[in-house]
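Here chain A shows up in two complexes: once beside chain B, once beside chain C.
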Partner chain A sequence: MKSAVATHRGMQVLHGERVDAYVEQAVALLQAAKLSAQYPIGSVSRTSPQGGSTLTGYLRAMGSRLHRGLYPQLEVELLSGFPSFKEWTRVRTDVDLCGRVLADLPAPEILRERAALDAAYGKQLLKFLYYSELLQLGLPPFEGMAIRLQRRMGDGAARFQLVLDKLDAVGLPLRCTAEISQQRSADPLITLRGDRAEAKRELWGMLYRVVSLDAELSFLQLQSLPGLHVHSVTIGTVGPLCCGSLQDAQPLDWPVSLCWQPHAAVLACAIETVQRSEQPELDQEDVSDRNNDPLSSLWKDALSAAARREYEQARTRYRYRIIKDRKFVADRANVAALKALCTQAGTQNLVYVVPP
Partner chain B sequence: MAEKQKKTERAADQDEDALEALVNQFADPMSFVRELVQNSIDAGSVEIDVSCEWKPTAGEVGTASIHVDDFGLGMDRNIIETKLTRLFSSDKEGDLTKIGKFGIGFVSVFAIAPDAVCVDTGRGGESWRVLFRRDRSFSLIRLAEPIEGTKIQVIKQMTEPEYRALLPRVRGALHFHCKHVDVALRFSGEPITEAFDLPEALIKERDKSDLSEIVMGILPSQTKPILGFYNRGLTLVERPSDVPHVGCKIQSSYLEHTLSRDSVVQDENYARIMSQRERLLRGPFLRTLMQKLDALLKEGAPPDRVRPYQASLAALVIRGCAAPADCENLAVATSITGLCVCLPELSSAAERGKLVHARAQTPLVDGLIKADGCVCPAWQAPLVAAMYRAGSGPWGASDTPDEDAQNAYAIEQQFVLPLPFHTSDRTLKKRITALCAATQKLLRKSREKAESVAMAQLGYEGSSVRGALSVVMPSGAFSLAPLPRGHDSLDGTLVIDAEHKQLQPLLPLCDREPELAAYTLLKLCLFGQMTAERDSALLTAAMETRWRRMTS
Partner chain C sequence: MAVLCSALPGYPENMKPDSLPSSPEPSASPHREILDHAVRYEGQGLSVQGLETLIDRERSRQNAQVGQLLQLRERNTELQQALSHELLRLRELTEQVLPDKKESGVLGALAKVLPGRRRAPMPRASVEQLLREQYTVSAHRVKEAAEFADRLQVSERELFDEIDGMNQRMIESSKNKAKAASFVRGLMEFQEQAAVQLRRLPSDSVEALQLHADIDRSRRLLAEHATQLQLFHTAVDRLGLLKDSTRMLVDTVAALRGDITQYVMAAGEKLDLVSRQLRAIGTAADATATLIEMKRSLEALNESMNQTTRFVAETQRYFRENLDQLVASLEIYDHETRASLEVNLELSRVADGARVERLVQRALGEGDDPMRSRQHAALRALHAGRDRRGDVT
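Entry: the complex of A and B
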């Protein structure tokens, strides 16, 4: 007999009811997180009072309530607490196949009639129901890149907004939003056709690689590209997520005091912004870095004395500030522990309480 | 020194006037909720909660507050001091990714003359309260508790009945201005937003391009169609549609409202968007409309079901829309005999002046059909009238041919067909023949142009000259002809209704005094066109003829 939970290589494999318990907890945490457009939320459902985003849509599609047991297990990354890349890809593939599968299946009335006589038709009926509901969710890709023209600035220069959604190395969903200007150039990285902007693969490739590091490095790497002037880089990361249905979750930098109860649920959402200070008259408080994240420090704090000198030169040249913030969603039992964590770190963080 | 002080005071007064104008920039003071929702969306919030509450204080008066809470980027001290509390300092102007433009939206919260406005906001670990007083002065207070996004409270003293009246106004303003926003907007927990769509449309077409998203559909008769303009789901303007029964919603980040928010800026982008709409209207929409109309007519759907589609087609025809090549053979109307008619057939009949509508199948209708005309049932009058105005541009404010215009193309307004008179009464037949002969003789004698005189049936059911004693037919007494306008000329055959009651006393008179009977008949026929000279000529001719008859 299969165990309901199995772990291997930083992964936990959930089966049966455990899958639905996990999906339910994760969805509840994400809904309570009040994620803004700086996070990889995709579009929310505007007509349901609770909303519902791309992330919750994907998670629901991984639960057996939606797929009706068509998939026997769910792999979850222990570092992020989110399903593995394979699971996201599985849902994405199913979304792409929806139309074709539904077109090939007989009508549900016929399937219902035949299901009583032959189990194969029963499975086809479940497939029909799953793909129909999946189609209704209208899920966009979980990874994607978009560029939008913000404004033309004269003399061929223009300002753009780049948005990149991806899963990072440990499986955390993140969104990077970069605002950049490009001067007129013979070989521009971004081209405009009318008001439609297109970025070269080279630019997307570099952004895709560097956003897994942090916003400051992404800012500096982007700034190093010819003809670009970076105004800001914001990275919103959803997770890690820790819930009682994951017995062996081990989120990075996560205090052991959290998540010890079987029904516990904690989600952290970080936002990190690097912003060029474009108003020289601002006073010191307005340009200094601010770290309101109790779980991470500023990159510069880890530098050696020699590296720091070089770093300070870059800061002077580009005149930017770093703002880090993090909020939490937790079950009532974990709120006190989280508050204590913030107090200890000297930060003021929001802790939303997830309904029981 | 005093002069300088006066100048300063004058400038201050002008600033105060300008601020007052901005505070009251919208016709509806409740429009401030749209401005706050717009700011929340621009701040990246994908959920916005609006709610109201009332707390009793002393006596009947209590404290009402309208809350608008978002979970967007929020503001730090720098933004509060340089953007929120400074007019026209928005950096959103010209930014295609934002809706707000001018940096004057927030100030509209003062339009309802609040006692206080409290803005709690946080960003990057710093949280602030900005407390605006009634005179719009403010204090900035650092908060100890973290705040996500921006939470605004507009506070005003009022009685409970006043508060009860306020609730539907807030809800109404949200629903009107923000119904299509692409975020989860709630009022007291209930969703306000709805899909960018025309859910009640009978048929619809969509077009999405880099420029705009358009949805267009035919609406049921009881729904007033609108032409709406939206930017990121926020309503800019909604006005009555210029195409009957066709509702249209246009969403584009290129659309902007004017500073007063009561119209859309009609710039180059607006023109491009309207061209896109026209292409959709004349192409895919017209095709879908014609296909639907064809299906309905072929299944014999009742007029009430067909009417909205046909009225819309009529409007499109007037705008100069031609059937797409693959739709030319589709039925767009039916003839009164129940045959399907396509647009080119209608067009050809209208060009020949032989397209009309009728209430019933009558001998006149049969006559026109025999003469290669096209007769549609009366309920299809708008399309019939429109075919005569094809490509002439809007008919009027509503693109609909008005009732007079529709009536003008009723068959009885266009054609006449006297029917041969038959009787088995030999005396009557003899008398009629005698009266015809006498009348013809008198006309010839008085040098009137009439070629001949004939007796016919004019008063049959559906006749265009029912009730008339006579009609002048230009080419033959019993062939279909355009309805003559007036009786000035008797150029043709004078056809007299043999069964007309005015004729009856003249028949026995004709036995004894044919000239007098003929003269009286002509006087009756030419009533209204009779001049003293004409009367004198007819009378003289009658008297001379009589004298000759008596003396011969």
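Entry: the complex of A and C
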């Protein structure tokens, strides 16, 4: 018999009830996290009977309550505590195909009548139930890009908002929101057709590449592009996620004092914003950084003297400030450990308690 | 009775009706009990319309299955076009990966924005993004194929259920055919003996008039049961052919399902490999490791694409060699069945003695039937095509 949990090279493979226990805990954490639009929550499905975000919808689709055992296992990344890219893609593929699969299936009464006669007929009924519910969830792609015109500024210049959702390097869902202006240019990276903006594939490509670094580096990389003026870059990251159903989770910088009982569940959600100060008269204090993240420091603190000099030049030139914040969701047993962590780091963070 | 029954062609010992009155001696007076004998056929009685409906229903089911195969062929053609486009894209990706230099890092980022430093060139598309997109496209394709394999598995079960049903109907029709044949023979014997007897009697005698009345009644019964005999004969014959083509369809579906399952497994393994490499690209600490993993991903994606391309080409060839022929053979079947059913309809309308006799002979005789021979030839050709396909899969 297969073990309910298997671990290999940074990945944990869950089977059977473990999958559902994990999905339940993860969904409960995400629901309690009260994520704003700066996180990759996607649009809330209007047709979903249970409501919920894209993230919870995807996670639900990975549990056997929705797929009825059509998929025997679930791969979870140990660094992020989230399912692997393969699993997200699996749900996305199912969403893409569900309309066609449902159209090909016989009427539900026929499916129910003959389900017990043969395993092939039984599987058809399970598919009908799964795909019908999946369709109801109305899940958009988990990775995607959108650009919106914010305002025209005369002289052909315009201000835009770019939003990119993706899984980052370790598998954490993130959303990058960049606000940029583009000057009139012979070869613009963003074109306007009426009020409809369209960014070149190359611009998206760069954002996709640099967003895995951090908001500050993304800001600097975008600022280096000809014709662009970056106002702000915000990266909202969901995770890491840790719960008792994962035996060998190993998120980076996670406090050792957390207890990992089967009911334990902890989720961290970080927001990092780099904002340019548009008013030159502001004094230094108004553009000073604020780090309220107990799990992450500003990388300027680790620079060598030479690099620091260059860094300071860039800061003076672009007058931007960095704001970092993190909130937590945890089961009652782990709230004290998280609060102790924040106190030790000198930060004041929200800690939501996940309902038992 | 035993002598009479065994004289009927294709009449097995174990199917002899046991409730018919015993056969009269050649010289004895005709046994009129046969006229009062109620023949009970198994299952529901068969009418021309009923037979037509039965065959139509079975053919509709076959058509639905063939429709699915035609749909797969269409999808295959679309895939062929999409694949050539994607292969080109993969080649472009490979070119982008090779000169790839890591742009990340603090100094790298700062260098681009500091005064006096060279401005960065126009950005390139992200190779990781393109790889993920291609992975999604390939995963979509494999999933689509897996769904199709599941549908074919259900089709296979449905066709086997159809074959079971047709076997039941054939056994039933065959038993009924034997019953009808026995009864028709009995009636014909009765008519022969009554005619001999009639010649011996004065034409205005009560016995002669009674015998005339009996002969008329036997004609009516003969017309009625000869029609049944012909219908049961047609049912056995047509259902037999229908079953042959259904079995052929099952073989086609099973072979395709096997091929698709093989492809799904092979391409799925490659995609698993790619997903692990994509993960490694994300977590790789240095540029060299990323480059190596990207190249590996591309190789695995290329292999997955090649498997898809091979599979699509082989399936197209299989379709070319088999599906059109199968459809053609089913069309022949439709044409022949319509002709056969028209004969039955004609028989049910007009039933003079000579026609009944001819049709009974035809129903009972197992001699050459040009329609049947033509359809068998078509099915044989299809079998030969399938045998040739052995090297394809």
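FYI, the second predicted complex is superposed on the first by the 344 of 356 C-alpha atoms of A that agree within 3 Å, B and C clash if a C-alpha of one lies under 4 Å from a C-alpha of the other, contacts with A are read in each partner's own complex, and residues count from 1 in each chain.
Assume a residue touches a chain if its C-beta (ideal position, glycine included) is under 8 Å from a C-beta of that chain, and two chains touch if they have at least 3 such contacts.
This structure is a prediction, so every number in the text was calculated from the model and none was measured.
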| item | value |
| --- | --- |
| Clash or fit, chain B versus chain C on superposed chain A | fit |
| First, second, both or neither for A:Asp118, with chain B first and chain C second | second |
| Partner chain in contact with A:Glu143 - chain B first, chain C second, else both or neither | second |
| First (chain B), second (chain C), both or neither touched by A:Gln348 | first |
| Which of chain B and chain C A:Leu70 touches, first, second, both or neither | neither |
| First, second, both or neither for A:Gln161, with chain B first and chain C second | first |
| Partner chain in contact with A:Val170 - chain B first, chain C second, else both or neither | second |
| Broader residue contact with chain A after superposition on the shared chain, chain B or chain C | C |
| Partner chain(s) touched by A:Arg317 [first = chain B, second = chain C, both, neither] | second |
| Closest approach of chain C to chain B (Cα atoms, Å) | 24 |
| Residue ranges of chain A in contact with chain C within the complex | 10-11, 77, 79, 84-86, 89-90, 92-94, 96-97, 101, 104, 118, 120-121, 123-124, 127, 143, 167-171, 187, 189, 201-206, 208-210, 212-213, 217, 220-221, 223-226, 299, 303, 307, 310-311, 313-314, 317-318 |
| Parts of chain B lying in touch with chain A, wherever the complex brings them together | 43-47, 71-73, 76-78, 82, 94-97, 123-127, 144-149, 181-186, 189-191, 193-195, 210 |
| Of chain C, residues touching chain A in the complex | 103-104, 106-107, 109-110, 112-115, 119-120, 122-126, 128-130, 132, 135-136, 139-140, 143-144, 147, 150-151, 153-154, 156-157, 271-272, 275, 278-279, 282-283 |
| List of chain A residues in touch with chain B within their complex | 34-38, 41, 43-49, 51, 53, 148-151, 161, 194-196, 273, 279, 282, 285-286, 290-292, 323-325, 327, 347-350 |
